[in-house]
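Shared chain: chain A. Partners: chain B in the first complex, chain C in the second.
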Partner chain A sequence: MHGSNLYEGQKLALKYFTVAIVLFGAQLLFGLFAAIQFMYPNFLFGVLDFSINRMVHINALVVWLLYAMIGAVYWLLPDEAGREVVGIKLGNLAFYVLTAAVAVVVLVYLFIQIGPGKESTIWFITEGREYIEAPRWADIGIVVVVLIFLYNVYATVMSGRRTGILAVLMADLIALAGLYLAGMFYTDNIAVDQYWWWWVVHLWVEATWEVYVAAVGGYILIKTLNANRKVVEMWLWIEVAMMFGSGILGLGHHYFWIGTPEYWWEIGALFSALEPVPLVGLFVHVLYDWGKETGKGNKITNVPAFSWLTVETFGNFLGAGVWGFMHTLPQINLYTHGTQWPAAHGHLAFFGAYVAIMIAAVYLAIQGKAGLKELKMTKAGWWAITLITVGVLLMTVSLTIAAYVQTMVERGMYGATWEGFFAAQNNEWFWQGMCWRLVTGLMVIVGYIFLVYDLLTCTKKQPVQESEAEVAAAAA
Partner chain B sequence: MGKPSVWSSNRFWRRSATWVTGVSAVLLILLTFDSMSQMQMGTAQDIKNKVDKRIPSPVVINYKIDYQLSRKRGHEVPIIGGMDANGNSKYEEKEKFFGRDNYSEKEARELIHLGKLTIQAKNCMDCHTLLGNGAYYAPDLTKAWLDPNWNTLAPAYGGKEYAMATFLQNPPAMAMHERKMPNLGITKKEAKAVVAYLKFMSAIDTNGFPRNFGKIKGAVDAWK
Partner chain C sequence: MEYYMHDIPIQDFLPIFVISAMVIFFGMAYAGFFTLVKLRLVKRWFMILAYLSWLALVACIYYLGVLLRVEPYTQKVLIGAMVGYLVFPHIVYFLLEKVHNRFEHHKMTTS
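Here is the complex of A and B:
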């Protein structure tokens, strides 16, 4: 172990990554419960109802990704800026406060679950708004913690090296944090409620998070391939232009049917149809640098991180790009909105765009913590990436088949009534889709076990090599 | 080597990114101002003046609500208080809601306030979809008030609002499918408010979503 060579910021990153991976496990567990309930509705009925499992499933996902995102910033920040993180003590305090708050929120979700129809429920139990169910007190706590994080990032960069990657991150993180405020108020008007709710959800996952991923992806390319910084940063600015250029007004594709004016049909259709374009750019970029750098004789210095980054670029394009485009036009969305379509798209998109790159970032940190010049893929690491990637891909296909059935039967044939809903849910093909979703979900869980095992052991299973510390010692 | 190309200049792309982002953000903000002005909740006065609002006043709970194809707009629209010859809402035909059709604006607003709070407090959105957003474990509630299924149940309960409120207070007792709704401890008062919200929501102009709601009865029985 050469942890002592790490910046304090990087040690804090390791803490964030640890909690992230634990919450990843919780996400999968509660997803499993929900998947079982689709097939056997009496499973845990009255104890952990579907709504609770589903809420914990998606909240754990969002929170672990945010943990990993903060972790990755703390990891690369001192490295890029060339100095220790400013305000690290405050940063550590914020980590413990946030983790305690998350623990309390989860316990309340699991054991109190719901409340009476009063403001106090919104403040202390749940806000009951998909993805951002966290009660109001936790919202305020999150804002405080994020302000500390932003302070640390800004103060560090201002007094250190200002790279293009850091410039993009600084602008992006402030937008990301500011958008959260759009989801923090109550209104009786459900149309206005959902309008602003999408500002948080869409402008996170289809704009600011995508730009975040492009920036961190660039950093991983430099680290694992020794890619040329100038080229990486030029690509990054192009990505930012394309992602924000399509993603900001692409928000319109959520405004087709929620009481909004009709002009969003055209705006949403046009801009969201352009959203896949930057995602093509991402994987072209990675493949280009891969070929170029290995052609020059550069070795991949962290094979698992680079492999997960590659999975990310293709997964992002397929999940967010292709699966998103498939149901983004209003003529089609009229029938697919509110069916298993967004579920199919959501699974591959969140995995492809965000989960994979965060795992890549964790592998980068694992390598850095052990002070290894090279990190090769172990057998367990191979099983992890294969089982998780193939599992999520097949799960998406299963959900897509179920989605077709639901769209045709419930929406096309029955016109979306109660009877139509259950006619679709009882359809044999829909049921088979749900069966395969459960099987592929189990595949992902086995992959997760391999992943955790590999993260804990891979640095000890590397072929003998000189560590950076030993090289430094020999040179001294 | 000639002059370095602008296409490989980081400065050029940084500026492009900034401009594109800035212009997009400004457009979004301008469109949001316009959307918000069109999405404000209507008032009882609007209904009196027969002014269509995308989100009508909650006093629509005093009226008969329907969902009919509008020739002009090419999709279904909510019809409040009966339809005139041109396919527009007449705002005339009333309908008793829990025995009354004279809820004042204040009373109606209080009802839907409690309804919305209850909908959030019980996490409805993590099984159902509302306006098509939420989870996909249970039926969409956008037009639940108009679902033909409630019309079948209505006579036994003395009206569909009573059937819906009874269901909400103890769903397993009225389970209509193996995948049943759990008992969420919804009180009588909350149940009435939630039903009011569902009736109000069915009057929101959703640009024709969902399509053909309740129009196709048993066209093809897909699973037998």
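Here is the complex of A and C:
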């Protein structure tokens, strides 16, 4: 499957991956600015305020992951369905429209940082809801683009081969798209508004995205390890059941303090405690496939992709599981929410659960584009995975130290008062935690530079090998 | 139903964070050792470590419940969850093996 032999859908996937990696860089850059501003609040003040930096940092993360997710689907869709993507021209048009819209939205964020909050602000500048700040015109555009994407996927699968992976993805994409609608309307009551807002933020991340990752992870296991499809697909259904079972009502841990009834304490605690179970399951699954397939003599055909998948398994477990459970139960969450605890958890969980597997998917596409039977790890690839992974892990530890100070001083000693907030902010340990967060952030950026370099050059640095096309020609 | 949450003294914060992390670690250790032994990637006596991890998990959950001052209803739920988690890797591995064997058998008889 050399570059010229790619399906049109896979060529479209490469476009999505390219924009995703660029936006990944933007996410890191704005995160760096925000990290500096935590320590030196005057840095870029009045030019690029902290509120904007933080917003673009998080929005860039969400958007690049969505780009990479759409790219991964376009990559595996023709391969799994055994046919070209239906409506590919429409798909290409949607890509350019979405990319132009994202560029306009970000420019508006940067050029109109402050101003009155009017009805027109919601429509043309920002909706103001944390993490999903896109103005309403962009919201509507996103819905149209996603509908085109859904049409492409459904029409292709209906007229092609229907695998278990595609069946799970089809069901999941409906939920993914439908939930976005919950974040598109306002209510006068802030508690009711937050109630619906969490449907997008939580249910996307801890239900539909997790299922999506399990499906793409299964595909990567089949491709890199030649894992048994029946086992992968059977396991996928178990994971889907567990993730939806624990993830949907795990929503309760966001309803502890927003004005919703107190029975959410029990529901949130119970289902949050169950949420790590599918992550343990995912860990067992990868361990099982690795043990079975390498035991049979199967070689790993894409070492960088499999390495990132391994990082995903452990990172997801540590970030979402360990760091999530440490501060989620309501009794302790009373003292931890609104501190750096969620930041520590969020950084490692997003990296582990989503960033790592999307990079694995990009490496898979790079291998397919070059038509290589095997993709070995290069030195640059090794530096990239090491610096980014260790950087994020240490960043999480730094944020945890800062968070612990806030919990003890601001919440425990001062009882969540204004005075307590500043006492914690001025604490030496808090300051040092934020310093180390900046250092580790720089480490991640260096890793990102290695990653981009490796993605651009790794296929040229592989030992000489027959391409898939040559092997097929020789067999014929 | 009345819901009530007790205050937690600040000296309990650190043990709560550490024990919560240990809950997840021992949970993974139990499932991990269990799978590795079943796959014969490590010696069989490692299964002892798997069950010791589960016992440590139960102890951590108990201590966490004490530290968080959980209600009697939640205590019962936690006991049920621990029994369920003891069985969980057995069921998962059983299902994986069944599918694997059926597929391998099917492949051999059709080739």
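Everything below uses one rule, namely that the second predicted complex is superposed on the first by the 471 of 476 C-alpha atoms of A that agree within 3 Å, B and C clash if a C-alpha of one lies under 4 Å from a C-alpha of the other, contacts with A are read in each partner's own complex, and residues count from 1 in each chain.
Convention: contacts are C-beta pairs under 8 Å (C-beta built on N, C-alpha and C of every residue); 3 or more make two chains touch, one makes a residue touch a chain.
All figures in this text were calculated on a predicted structure; none of them were measured in a lab.
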item	value
Chain B versus chain C as contact partner of A:Gly297, first or second or both or neither	neither
Partner chain in contact with A:Tyr288 - chain B first, chain C second, else both or neither	second
Dominant contact partner of chain A by residue count, chain C or chain B	B
Partner chain in contact with A:Met234 - chain B first, chain C second, else both or neither	both
Partner chain in contact with A:Pro463 - chain B first, chain C second, else both or neither	neither
First (chain B), second (chain C), both or neither touched by A:Asp49	first
Partner chain(s) touched by A:Gln425 [first = chain B, second = chain C, both, neither]	first
First (chain B), second (chain C), both or neither touched by A:Leu270	second
First, second, both or neither for A:Val322, with chain B first and chain C second	second
Set intersection of chain A contacts, chain C complex versus chain B complex	230, 234, 238, 262-263, 265, 334-335, 408, 413
Chain C partner contacts - residues on chain A that touch it in the complex	228, 230-231, 234-235, 238, 262-263, 265-266, 269-270, 273-274, 276-277, 280-281, 283-285, 287-288, 291-292, 295, 317, 321-322, 325-327, 329-332, 334-335, 404, 407-408, 412-413
Chain B-touching residues of chain A, taken from the complex the two chains share	34, 37-38, 41-42, 45-46, 49-52, 54-55, 113-119, 121-122, 125-130, 133, 164, 167, 186, 188-192, 194-195, 197, 230, 233-234, 237-238, 240-241, 244-245, 248-249, 251, 254-265, 267, 334-335, 337-340, 342-343, 406, 408-409, 411, 413-419, 421-428
Residues of chain B defined as touching chain A within the complex	8-10, 13-14, 16-17, 20-21, 24-25, 27-28, 31-32, 34-36, 38-41, 54-55, 109, 112-127, 129-140, 143-144, 147-149, 176-180, 182-185, 187, 190, 193, 201, 204-216, 219-223
For the chain C and chain A complex, residues of the former touching the latter	1, 3, 5-6, 8, 10, 13-14, 16-17, 20-21, 23-25, 27-28, 31-32, 35-36, 39, 41, 68-70, 73-74, 77, 81, 85, 88-89, 92-93, 95-96, 99-100, 102-103
